[in-house]
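Take this structure, written in structure tokens, and hold onto it; I'll ask about it next.
Per-chain residue numbering starts at 1, and chain names A, B, C and D are given in the order in which the chains are listed.
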């Protein structure tokens, strides 16, 4: 079923990467501007992330012995230092997720470059060094994003949806490894109901959301693909929902040959395969704007 | 899984508080203004509350031996005296829910203060005394709400979503106990389909909605948290849906250590723990507007 | 659980009335005006009603030995004579459903009166006599509808949602029997997905929709209430969906004491009870506009 | 249950035609214009079609021994020649689906004629000959479509929803065979969640979507009807979803008398029945604009 299957390390059958987008109130503030301060209930809902969900995630995944990938906007890095410190201390990977959860494809190239620069400065100052990975807020990867990320030295992106295995995206400035996912593995369509975010959908029981995520896992496991969740601590980190996540991990662990990895580990693995001539990723030429 | 677990009374494992928002036609009139009178079917739908659902709730929860918490807008208190009298007579708690189901965060501080004053006068006149609890209509707690509620002498709020256990919110005027819930325990996302309310979602079978509510209960019971429903008599008080609620209560009662409590009882318990030095709630500084 | 239970005929426990709203293309034309002719696929979808669904309904319910109630707009009566003739010939009841599926509460009293007059003329000319029952298109019963229906000599309305048993609505001109239902028994929230109608919801499997309708039936059967479906031939009359309806009827028939009745029969029964002093319906004073 | 049942070949009980609409990025570009290039994630999502889903579909349906029908916009034919070549080489049927996924009923007759001409030229140049079948993009068959398709020599359309068996649509220029389906067999309502397409619905687990499709199949099989899927490679061609499709095909094959056919085969069969006087399709006069 895969067009370009790759060998996973140590004979594993598939790769599972549980990744979280730590928006807290950045996206709400970006969308609502000055009005966000008046939305106290929704603020409390998204701030459940650093208050409760992130410490809980640290405990739960320590107990499970798993290190994960967290994508964090620069502004969140600056404003929630305790949360960031916890994530770092527990050995999780931290990638960037915009500065203020901007929708990049609504920015000019100059604006997007400035946002990226600001986010990188926040990363460098509070975390140290440079991030290896990027996820575009709202999946709004723009026609400029690739070149800007290449120029900034990123190793991989995880915002696109063009395959079930890693591939390479090629722009004017060079190449970037793409570790794709899709909306199906996002928790938003299942759990978000909030008028301040303009989402008025039914809320799924955790068991129903897990049915979706598990079906994707079963297929990845059967066919040797990659499974990358796009979860939010203020949604999937709530009590009942995280309990269901733990059960899903238990289920995954009951299957043979599942490689649980941070995205940076998948990135290293793919680059190693490439270097050793063991596998060639497909290359997707992205339409990119001229600078 | 809890960041700041508290002891529940008498060794109970978790707290369950079934709470109802008794909007009747206040919210519809607030949103639709003069046009509301022309919406006869939707009016009949929301007035099912005092006509049928509230008397039924009285019977059902008397038979179950449970006293609950009802949040009622001041205008509803004034206009549906028989319903209010029933709720009082059955020993249920009555909290405030705005005057006309206003979205507080769309009001100025002056407007919100006037609304609160009007609601309190209705409460005092028709119920007597002052309410201990508040739930913001539409979860639209504003940047002024905390200070206004503190000044008005409220003991607790139940509109925010920042934890699974009680916590304290701190504003310029002082502190208020927060008894948080979230959209997941609201019946609106599961049952509301009505163009006059601008909701065009599928309607869930009661068994599917209960699957959501029960998953939240199971997690609260397992981890020692608090479970607070946000239900509406014109939705969950309808025949098939209330039957499912009764089955859910039976299920909860089949579990050990569930403390069924009104919010005012949870409030007293928490204040007692605090006074006796047995537990410290976390304190959340809310961004509040200057007066 | 019922506030004002009534005895059903011959010791039956509950009443079931399967009713259909036969909109065909009236509602689409009313909403879209001249643009409707360009919507060929949606036109074919709604015209499935007279082409396929209605003849099928005749066969299926003849085989089941059930006579039902159909609400038809005047314009549909005029334009689909073969469908109307079939419904009549099979002994089903025909009530009115506007002239062009107008949303009455968006009309002035004069406009609404003219629409009603036109619909009554179509009824008289093509069906003969006067209808006994009315269902407001889109549940958009207005503040004038009651008086206009009373003046026109209707016996009952089935558009409101204020109880689980029949009740009386009182206006300036007199009284009308109300046979209430609610959105939960409408098939629209489960099956409608069509951009020309501006509905972009998931489509339920028939088994999931039946779960909703059956839960309502189970409650009606348990507690002695009335169950009135609001179905559309172009939705529930499609092959798989009608098959599920037949299974639902089989299920209902496997229960004891279910009275299958047309709405006019329920109307007669209630009026008989009232006349014989065996039961008093509650009376709801409707806010009505002055003429 | 069928109003005009037809004999299927070799005593089969029902016909199943798995058809795919291969939009790739045509619809997104048509709707978003110049902005589409900035929507990199959604572009990668829809380009998953030619990159991954179409080669996979070739493999999977070769292994199943089934030849299918693909509807492709002219622009996609021009821009994805490798995908088209694969579809042809595997013996699948290729019908037309607009040029740029235009919503025909938002075009003038002249515009629609020009679009059709352009699409036919692309077809002739890259595929050869003329297509036999048409599906209107977005089900937006216009009041001019029938006449234009007749004049262009099409044999059948599969965009309308007026029956469960083939029928004939009659316009000013002549007749066309209609092979109807409906939204229920489209995968969009179950799987599409994407803000660039303006769809914010929950995403179904594949098992839930299959429940919908299988219920339609069960009814078609029971009653002798036709089952025509409207699937999109970038939705149902993803890994877990296609796995579920294969399981659905296995289920269908476990039933007796299922005729798997391309739409052109159904077309030939119906024309043969008609020629031999074995069955008469009903004729639906479509309201068509004057030229």
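We take it that a contact is a pair of C-beta atoms (placed from the backbone, for glycine too) under 8 Å apart; a residue touches a chain by one contact, two chains touch by 3 or more.
All of these numbers come straight from a predicted model, not from anything done at the bench.
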| item | value |
| --- | --- |
| Required minimum of steps from chain B to chain D, each step between chains that touch | 2 |
| Farthest-lying chain, centroid of Cα atoms versus that of chain C | A |
| Equivalent interface positions on chain C and chain D, same or different at half | different |
| Rotation, 0 to 180 degrees and nearest 5, that superposes chain A on copy chain D via CA atoms | 90 |
| Whole-Å gap separating chain B and chain C, where each centre is the average of the chain's CA atoms | 35 |
| Chain A-chain C separation of Cα centroids, rounded to whole Å | 50 |
| Contacts with 2+ other chains: residues of chain D | 201-202, 204, 208 |
| Overall pattern in which the protein chains touch one another (line/ring/star/complete/other) | ring |
| Listing of all chain pairs that touch each other, if any do | A-B, A-D, B-C, C-D |
| Sites on chain B touched by chain C in the complex | 37-45, 47-48, 51-52, 55-56, 59-60, 191, 193-195, 200-208, 238-240, 242-244 |
| Residues of chain B touching chain A in the complex | 1, 3, 105-106, 136, 138-143, 145-146, 159-164, 180, 182-184, 186, 189-190, 199, 201-202, 204, 208, 211-212, 215-216, 218-220, 222-223, 225, 282, 284, 286-287, 289 |
